[in-house]
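Before anything else, here's the structure in question.
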C-alpha cells in the first residue's frame, strides 16, 4: 500500500491529513505551554465540531450537490442522544474518554437513522424544493426536542413526550438519585462536560478518513457522478437513490457525532441552538471553503468560528462587520472583475501566473 | 415483423459468434406526451452484432426512441425485449445492467471528474466492493481499484486516450468528449450500444476515423450498435440496416441501398439531402 | 363558531404570509435566487413607516408610501451592489450573499433603532363584530386580504400585459434568449427587485399592524414562513404564493387549536413536506421536464 | 490558496474601512443613546483607574435578545461610573462582551474576559447562557453574579454563583400564592413560551402551586420564538373557555402583542405578569391604555419614588435615552452588591481571581443589601437571593400598589 504522491488528489488528501495533525500538535503544545489565550483554547472543541459539520455538509452540498438547509437538525439529534447516552452511562462507564466515544457513536447512529428517515422520501425532490424540505425538517427536529423530557435513574431511562405542554420533568417519576437529562425547553442543563480537544481532533481525523476515502472509492465516484450528471449516471447503471442516500446518511451520521462532541462540551444546551441560523452558518463554511473542497471547509470553518471573536474590539459593530466581510468575500471569490483583480495582484507579487486547467 | 435483421449479412463477417438470436426487439412501441403521440407503432429487431442506423428529419422522434429503450421515458405501449427478456417495469439503471448503454446527443459527461474516473464510473457495477471496504481501504478496495485502473486504461486505449486519463473531462476538446462518452458506455459491458449523433460537430477526417472505430468496437466487443446520425456518409458507410423515422412512425426499413432508393424516404427526407 | 374564529385567525395570519410570499416568489421567478434578505427588507419597511408616523407625525398612508419609496431604493441598491456582480456566479454564492445582506440589514437596524422593541400603531384598528359579537374579524385582517388580492391581480396583469412584465417573463424563461431578443436583462432584474422591495414595505406595514411589535429581527421568521408558503404554492407562481400563504396560516391556526400548540410549526412543516412529496413543485408550480 | 488570500484581503479591507467609520462615529456627538452607548462607555474614564477591580459584563448585545443584554451592560455601566466618581475606595474597570444569548458564544465571551484579566463576572444575562458559563466558572473558581439568569440550573451545585433576580420557581409560586390570596375564584388561562427556559420554568411551578392552592387553570396556550407574531388562537381558546385571568409568564415584547391582539378581539381579562413583563410601559409608542389594569410581580419599578430609583432612572435616561427596565436595575444592583461584598470581605484589586472568589463566596451570605430591586436582600450559600416580590397594578400608565 504505497502512497503515490505524484497523484494530485492523493497529495491533496495527504496534505490535508498532515495539516490537521500539525495543527493539533502545535495547538496542544502551545496549550501546555500556556501560550494561547483562554479565548482560543475555549474554542478548540467547538472548532472541531464545526469543522466536522462543515466537512459532513460538504459531502451533501459539495460532493452530492444537493442543497441542505437543515444540517443543524442532525447535529441536534446527535447532541441530545449523545448527552442522554453520556449522562445515563455515567456509572456504567467511568472513563470519560470511553463514554465520550460511546456517546459520539450513538449520536452518529441516531443521526444516521434520522438521516435515513428524512432522506428516503425527500431525496426524490430536487434543487430548491429539496432545500426547503431539509429546512422544514431541521425546524421539526427543533420543535420535537423542545417537547422531550428525559431522565435517568436506577430503573433505567425515562422518556416522555410533552405534546401539550402540561408535563414537566416531575412527571417522569424519577427516584431520588435520578438525574434530569433533558427538560424540554430548558434543554440539557446539568450535563457533565467531557469533550476534549483530543477527542475533537480524533473526530475530525475520522471524519476526514471517512469522507476522503469515500470520495476516492467507487461509491464516492458514483455520488459525484450523480452530481455532475444525473441522467448520465443512471444510464451507466448507477443507482441514484442508493448513492444519494449513502451520502446523505453518512453526512448526517458525521453531523451527529459532531453534535455529541459539541453537546458534551456545553453544560447547558437548548434545542433552539440548532436552528436555521446554525444550519446556515455551516453552509457558509462550506461555500466559502469551496464546494467539494474538503481542506477549504476545514479552514473556512476555523477562520469563521474565530473571526467573530477577533472582532470583539468592534463592540456592537461586530456582527455588522461580520456581515460585510461575508458579502465582500463572496463578491471577491465569485465576481469576474474582482477575481481578475486578485489574479493581477497575485501575478505581480508572486510572479507566477495561475496554473489551472480551464474548462470551456 | 420487419426484416431489418438481415441474417444473411451474418455471413459477411464470419468471425462473429454463432448466436443468431436478436439482441433487441421492439414490438409496437409508442409513447404519448399529453395528447401528443411522439412515437407510435415502433417495430424493430437488431441482431447480436449488427450495426443499425436510425435516421429521420429533426423532430422525428429518434432520440425519443433511445429514451424509450433506455427507460428515460416509460413507454405508453409496446414491448422491448432485450436478449429475449421483457424490459417492462425496468428503470434506466436496470436496463443498463441488462445490457443497454448509450451516449447522448448533448454530451453528458461527469465533467468535473477526470477522464479515468469517468470510465471507472462506467465500470461501477463490475467492482464488487462495499462502501465500508472503500472507507476502510480493505484489501478488496486495492485489488478492485487496481483492476479498475487497468481496465479503464485498456478501454481508453481504443481511442488512444490513455494520455488524457488525468485530465478533467470537461476540459477535453469536443471530439475527445464524444469519444470518452463512448468509452464510458462501453465500460458498462453492454450487449447493445446506442450512439446519439456520434459524429455531430466532427470534421470529415474525424468522421472517417469514427467510422473505423465504430466497426472496431463492434468487432472487439461483439456487440450490436444502433446509431442516430445525420451524416449520411457515415450512416450509409457502416450501417447494415437502416430504419427511417418521420413524425414518430417508421416509414422505411432496409439496407442502405434499399433506403437510398426508397421513394417515400427520398420524398420525406433524403431527397432534399442527397443533392448536397 | 370557535372553528370559524380559528379559521379567521388562520386566514388573517395567512394573508400576512401571502403578501410576503408574493415578493419572494416574484424575485425567485425572475432572478432564480432565494432572497433571504427579503424578510429584513420587510423589517426596514416597518421601521420607516414607524418613524414616519411616530417621529414625523405623518398620516399612515404617507408613511406607507414613504416606506415603499425607501424600500424600493434599498432593494435596488442591494441588488446593484450585492447581487448584480454575482449574476454569473453559482446560485449558492448568491444565496450566501443574500444571507450576508440579511445579517447586514438586521445589525444596521440594531445600531440605528436600538435593540428595544417598538410598539407599532396599527394603520387601522377595530373589529368587525358578527353574530352579536360571537365572531370578530379585525379590520386589519380584512384590509390585508384585500391588499393581497389587489396586489396579486395587479402583478398578474402587469406580467401578462405590460412590456416590462413580458420582459420579466421572458427573463424567467431564458435569460440568454431574452438578452438576444433585445431585452435588458440586468435592468429587468433590477425592476423586479424594486417591485419586490416595494411589496415588502407594504407587507412590513401590514405585518406590524397585525402583530404590532417591531424589533430588528421582526422580519426573519415571517420571512422564512413566507418562503415556505411560496414553495408550498409553487415558487414562481403568483397565485401559488397567495394560496400557499393562506393555507399555511390556516394550517398553523388549526394545528394550534386542535392538535398541539407546542408543535404548530412542526405540523406546518410536516404538511409542507407531504405536499412536496405528492406534488414535487408545489401546489400550483409548473412541472419542468428535463430534456434528455 | 487563492480563496484564502481573497479572504484575508477582504478582511483587511473591511477592518480598515470600519475602523475609519468607527472613529468617525465616536467623534460625533451621540444622537442615539442605545446605539452609541457602548462606544462612549468604552472611551469613558472607567478604563484607566489604578487599582480597580476588573469587572466583566456579559449579555446579548446583538440578535433577538439584545434588549436584555444591552439593558444589563448599560445598568452595570451606570453603577460603575457612579462608584468610580464617588470617594469609594473600591473602583471598577468594566468590560462588556456580547454573547448573542448563546451558550457557546457566552463561554467565548467569558474566556475573552478572563484573557483580559477579569476578576469578577457580572452576567451572563440569559438563563441558558448563564448555565453554560456557570459550569466553567465553577471549575475556574471565578466569582459570578448573574443579574437576570433566573433558572435554578444556573446556581445549582455551584457555590460561587449568585443571582440578583428571583429564581423562576420563586416567581411561579409567588404569582400563584398572590392570586390564591387575592383572586381565588379566578378562572386562569396561561400563555407561555415553551421554547424558553424562563417562561417554561415559571409556568411549571405556577401550575404546581396553583393546584396545591386549589386554583382553577382552565387552559394553557403556548408559543415559540417562531410563532410569536400571532396569538389570536391562544386568546380565542382562553376566551371561549371563559378565562377571566390571563397569566403571562413571558417577556414584555410578546406580551405587548398579546395585549394588542386581545384588545382587537374585544377580550379583556385581568392580565397577570411576572418580572419579565416589567418594561411594557417603556415600550416606545406603546399605547399604555392597553396595559390598564395589568398586574405584575416585579422587584423593580421605574416609577418608584424613592431617591435611589429616581436617581438611577434619571441617569439611565440621560445616558441611553430610554427608561430602564428590570434587567438594567438588576445589573445596577449586581455591581453594588459586588462592591458591598468586596468591602465586607476586605478584598483588594491585586488579589488573584480565585482568592477574590473564595473571599466573596464567604462574604455573600453575610450581606444584607438594599437596592433598586428589593429591600433587605440576603443570599443563601446556594446563591439564591431572598427578597420580597412586589405586586403592582398598572393604573393610568404607571405602577401603583394594588388596593
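Chains here go by letter, A, B, C and D, matching the order in which they are written, and residues are numbered from 1 within each.
FYI, contacts are C-beta pairs under 8 Å (C-beta built on N, C-alpha and C of every residue); 3 or more make two chains touch, one makes a residue touch a chain.
Computed from a predicted model, the values in this text were never measured in an experiment.
J.: In this assembly, which chains make contact with chain A and also with chain D?
T.: Joint contacts, listed by label: C.
J.: Name the chain whose C-alpha centroid is farthest from the C-alpha centroid of chain D.
T.: Of all the other chains, the one whose centre lies farthest from chain D is B.
J.: State, to the nearest whole Å, the distance from the C-alpha centre of chain A to the C-alpha centre of chain B.
T.: Going by mean C-alpha positions, chain A sits 43 Å from chain B.
J.: What is the distance, in whole Å, between the centres of chain B and chain C, each centre taken as the mean of its C-alpha atoms?
T.: So the centre of chain B lies 50 Å away from the centre of chain C.
J.: Using the average of all C-alpha atoms in each chain as its centre, how far is it in Å between chain C and chain D?
T.: So the centre of chain C lies 34 Å away from the centre of chain D.
J.: Of all the residues in chain B, which ones touch at least 2 other chains?
T.: Within chain B, residues 72, 104 contact more than one other chain.
J.: Going through chain A residue by residue, note those that touch at least 2 other chains and give them in order.
T.: Within chain A, residues 139, 143, 146-147, 164-165, 231, 288, 316-317, 319-320, 324, 333, 338 contact more than one other chain.
J.: What are the residues of chain D that contact at least two other chains?
T.: Where chain D meets two or more other chains at a single residue, that happens at 35, 61-63, 194, 222, 224-226.
J.: For a test of understanding, state which residues of chain A touch chain C in their complex under the given definition.
T.: Spelled out, the residues of chain A in touch with chain C are 61, 67, 121-122, 124-126, 128-129, 131-133, 135-137, 139-140, 143-144, 146-147, 162-165, 231, 276, 280, 283-284, 287-288, 291, 316-317, 319-320, 322-324, 326-327, 330-331, 333-338.
J.: Contact residues on chain C for chain D in the complex?
T.: 2, 5-6, 9, 12-13, 16, 50, 54, 107, 110-112, 114-122, 125-127, 129, 133, 136, 138, 140, 207, 210-213, 215-217, 221-222, 225, 252-253, 256-257, 261-262, 264-265
J.: Taking the complex as given, what residues does chain A use to touch chain B?
T.: Its residues touching chain B are 1, 8, 209-210, 213-214, 216-222, 224-225, 227-229, 231-240, 246, 292, 357-360.
J.: Flag every residue of chain C that touches chain A in the complex, lowest number first.
T.: Touching chain A: residues 28, 34, 82, 85-86, 88-90, 92-93, 95-97, 99-101, 103-104, 106-108, 110-111, 224, 227-228, 231, 235, 260-263, 265-266, 269-270, 272-273, 276-277, 280-282, 290, 292 of chain C.
J.: Over in the complex, which chain D residues touch chain C? Could you list them?
T.: My answer: residues 32-35, 61-64, 66-67, 69-70, 194, 221-230, 232-234, 236-237, 240, 252-254, 256-257, 260-261, 264-266, 282-287, 322.
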